[in-house]
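Each remark here refers to the structure printed beneath this line.
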Amino acid sequence: MSFWNDPLKVAADWLEGLLTGWGLDAVFAHVLVAFLGVFLLIALLMVLDIFLVWIERKVVARFQDRVGPNRVGPFGLIQPFADIIKLIIKEDTTPGGADKVVYNLAPILSMMSVLILWAVVPLAPVMLGVDLNVGVLFLIAAGAIGTLSIIMAGWSSNNKFAMIGAFRQVAVMVSFEIPMLTMLMIPTIYAGSMSMNTIIQAQDPIPFFILSPLGALIFLIAAIAELGRAPFDLAEGESELVSGFNIEYSGMKFGMFYAGELLHAFTFGGFWMILFFGGYRFFGLEQVSPFLAILILIIKAMIGYWVIMWVKYTMMRIRIDQMLGFNWKFLTPLAFALLLVTALMNALLAGAPTWLYVLGMLLANVVTGWVALEIARSVTRKERMQVEGVKNPVEAHH
Amino acid sequence: MVPLSWYLMFAAALFSIGLFGVLTRRNAIAILLGVELMLNAVNINLVAFWRYSDVMAMAGQVFAVIVFAVAAAEVSVGLALVISVYRRRNTVVADELDMLKW
Amino acid sequence: MNEWLYIALFIVVGLIIPIGAIAAGFIFGPKKPNPIKESTYECGIEAVGDAWIQFKAQYYIFALVFLVFDVEAVFLFPWAVKTGQLGLYVVIEGIIFVSILVVGLVYTWRKGMLEWV
Amino acid sequence: MTAQQIIFMIVAAYTIGSGLMVVTTRNLVHAALWLVSTLFGVAVAYALLNANFIAVVQVVVYIGAIAILFIFAVMLTRKDMRDSGPQMNKNWWAGALVAVLVFAGLAFLLSGWSGFRNIAAELPAEFDAIGLLGEALTSPEAFVLPFEVASVLLLAALVGAVYVAFNPRSDKK
């Protein structure tokens, strides 16, 4: 075992040896080393988060045919640091009628709910994070704390925009949590486990997005809604709600919401890759070194994050009634149908050879998606005719 | 190791606090908050008994999961009743909901 | 037990870092409060009353439907873990379980409760 | 005291303190937030009991759904959220007495039971709690009937709640 093969363990063993050599209790030394490791990981994440600000700005600039930040440092790389200094030295105002304790707690909880998600991320074959046997549900549990922080922020600000924004955001988040929960069951069924690492191991020859492309798509849609990003960003709705639940926050407290949102998007890009695209796996390259595995995971998560940004800067915002209608009348029934079809096919194809299993699953997904789209199309056509009172909407235009 | 008695005492204390809330609160929603505490105390007992007897027999955990379903049903119907009463009578104070007394 | 220790460490560090960041803002930022600054923001118009008012019942319906399906998912996760190993019989149990609940969704839909009014 | 006992003591004190705040706070939104804190403490207690699934489900269901529902309900039933008038009825001392008596009675009854001071056995190696739970919930010899009945219960709750709260005829307007 060398540093190249298992850096975390080598470093931890060395540090623990050092600490116990100083006369520290073994258990205490272990906890201290674990604390330092966690602190290092989270500190690195915060640094990454700072660069995400820059990445997001550069990417949106390209989407909108601009250049983006390019004044401070090479390619504007120092820009996010300038932003942070600005946020730190800004005056931190608290609205007079606010509920002070809850108001101050909300941004902290919001950031914390994102950071603890990284506890269950397997970074490399030898760095599993916490290999919880309920890892998949842990995702939803952390999201629950995020939802709570939003309602706390909206309520405690004592501002009508913040309140409406928070209520809408929470209604959307809880609604889209159902398709997300259901789609989390699909990797669970394939892997036969809820542990993140087992799910990655189970994608050894075939990643799950080949078995269940529809599942990956629904998970992405639900994740974007969960993040509150466009096209599901009605909580922000600048034109109607000014800024939504974080309207009364300024300085670093606002910074926590902002940084939390970006890191959340990146994290969900990562989870999308872990659950459906094999996580740190890339044709055996991950076995070479944990450093390479982490690099693969970060590149994959960046791709997932890029897809989320792509959707954000391409789609326009949809109304809350359309959003909730889309979720409850289309996405949720589709997610349940897909779950049951997957479970059924999984049982029917239990003994089949791999190619038949993959083909069967893929076909089942395509058929489910196609049937759902056809039903939605015929129902909406009927509705449209009722509203417009026209038999054939295409001919009417001539 | 923590003996079973500690968990049982902890659950009993939580149950009593919930009972106090149910008995003394005037607001119907606050009463339901007390009921939640009591249900949680029961769940702690169930899980503790699972852990401290045969862990291969999952009855304790199964019951705990079913208590979750019961709690969810209780909360959704209970709060719906409170909202319904509020719309008719414009109050959620349990003492003032005395129509059936005479 | 050990694995929850790491989760607890993550929670602790996840609280320390934002608290530190906000404290830095508190230390380095100017503090010159005045009543105008502290007033509630409402696009420049004087705010009327506070925001702790009654909200419409629609939000409750979505939270309600969510709660029911959330608990349902809790039951389905152990089922999903085992369904691959226990065969068709277990799958059919799951199908029955979900179908019963979908009836509830259809009922709510037919009552027009899923419309945003 | 071992480290585990100290951790349990801290968790229990935190949970019971939050529980007391739930039943005594005047502001109902604060009471709901204290409930969240209590429920989180209970989730930690489940984690201490090695019931990973139950602990996570506690956070998902209680904090993610039930607490949100409570907060929504509080905001739906208050034209003015500032609570006016006393939050407890005038017989609160009787309630406190009953609660203390119940606690004393439970403590007395439990301490007489032979298994009161049991110590937990070590978990078997490769113990797969979720697999066992899945088997228990789906096996016809075990709990498949409660599993399906839970679905019916949730259906009844959904239909009943939707009907009770939002039946158009029940509106006085």
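Here are a few things to note about the model shown:
Which chain is which? They are A, B, C and D, in the order written, and residues in each are numbered from 1.
The rule is short, and it goes like this: contacts are C-beta pairs under 8 Å (C-beta built on N, C-alpha and C of every residue); 3 or more make two chains touch, one makes a residue touch a chain.
All figures in this text were calculated on a predicted structure; none of them were measured in a lab.
With centres taken as mean C-alpha coordinates, the chain found closest to the middle of all protein C-alpha atoms is C. Of all chains, the one whose mean C-alpha position sits at the greatest distance from that of chain B is A.
Centroid to centroid, with C-alpha atoms defining each point, chain C and chain D lie 17 Å apart. The centroid of the Cα atoms in chain B and the matching centroid in chain D are 6 Å apart.
With centres taken as mean Cα positions, chain B sits 33 Å from chain A. Shared interface positions of chain C, i.e. residues touching 2 or more other chains, are given as 7, 52-53, 55, 57, 59-60, 63-68, 70-71, 74-75, 77, 80-83, 90, 94, 98. For chain D, the set of residues that touch two or more other chains comprises 4, 48, 50, 52-53, 57, 60-61, 64-66, 68-69, 73, 75-77, 129-130, 133, 135, 137, 150, 154, 157-158, 161-162, 165. Residues of chain A in contact with at least two other chains: 132, 137, 155, 167, 170, 174, 177, 193-194.
Chain contacts here follow an irregular pattern that is not a line, a ring, a star or a complete set. Under the contact rule stated at the top, the pairs of chains that touch are A-C, A-D, B-C, B-D, C-D.
Residues of chain B that touch chain C in their complex: 65, 68-69, 72, 75-76, 79-80, 83.
Residues of chain A that touch chain D in their complex: 27, 102, 132-134, 137-138, 140-141, 143-145, 147-148, 151-152, 155, 167, 170, 174, 177, 193-194. Residue ranges of chain D in contact with chain B, taken from their complex: 2, 4-5, 8, 12, 15-16, 19-20, 22-23, 28, 31-32, 35, 38-39, 42, 45-46, 48-51, 53-54, 57-58, 61-62, 65-66, 69-70, 73-74, 76-77, 83, 85-89, 91-92, 94-96, 98-100, 102-103, 106-107, 110-111, 115-121, 123-124, 127, 129, 132-133, 135-137, 142-143, 146, 150, 153-154, 156-158, 160-162, 164-165, 167, 170-172.
For chain C in complex with chain B, the residues that touch the partner chain are 57, 60, 64, 67-68, 70-71, 74-75. The touching residues of chain D, when paired with chain A in their complex, are 3, 29-30, 33, 36, 52-53, 56-57, 59-60, 63-65, 67-68, 71, 75, 128-130.
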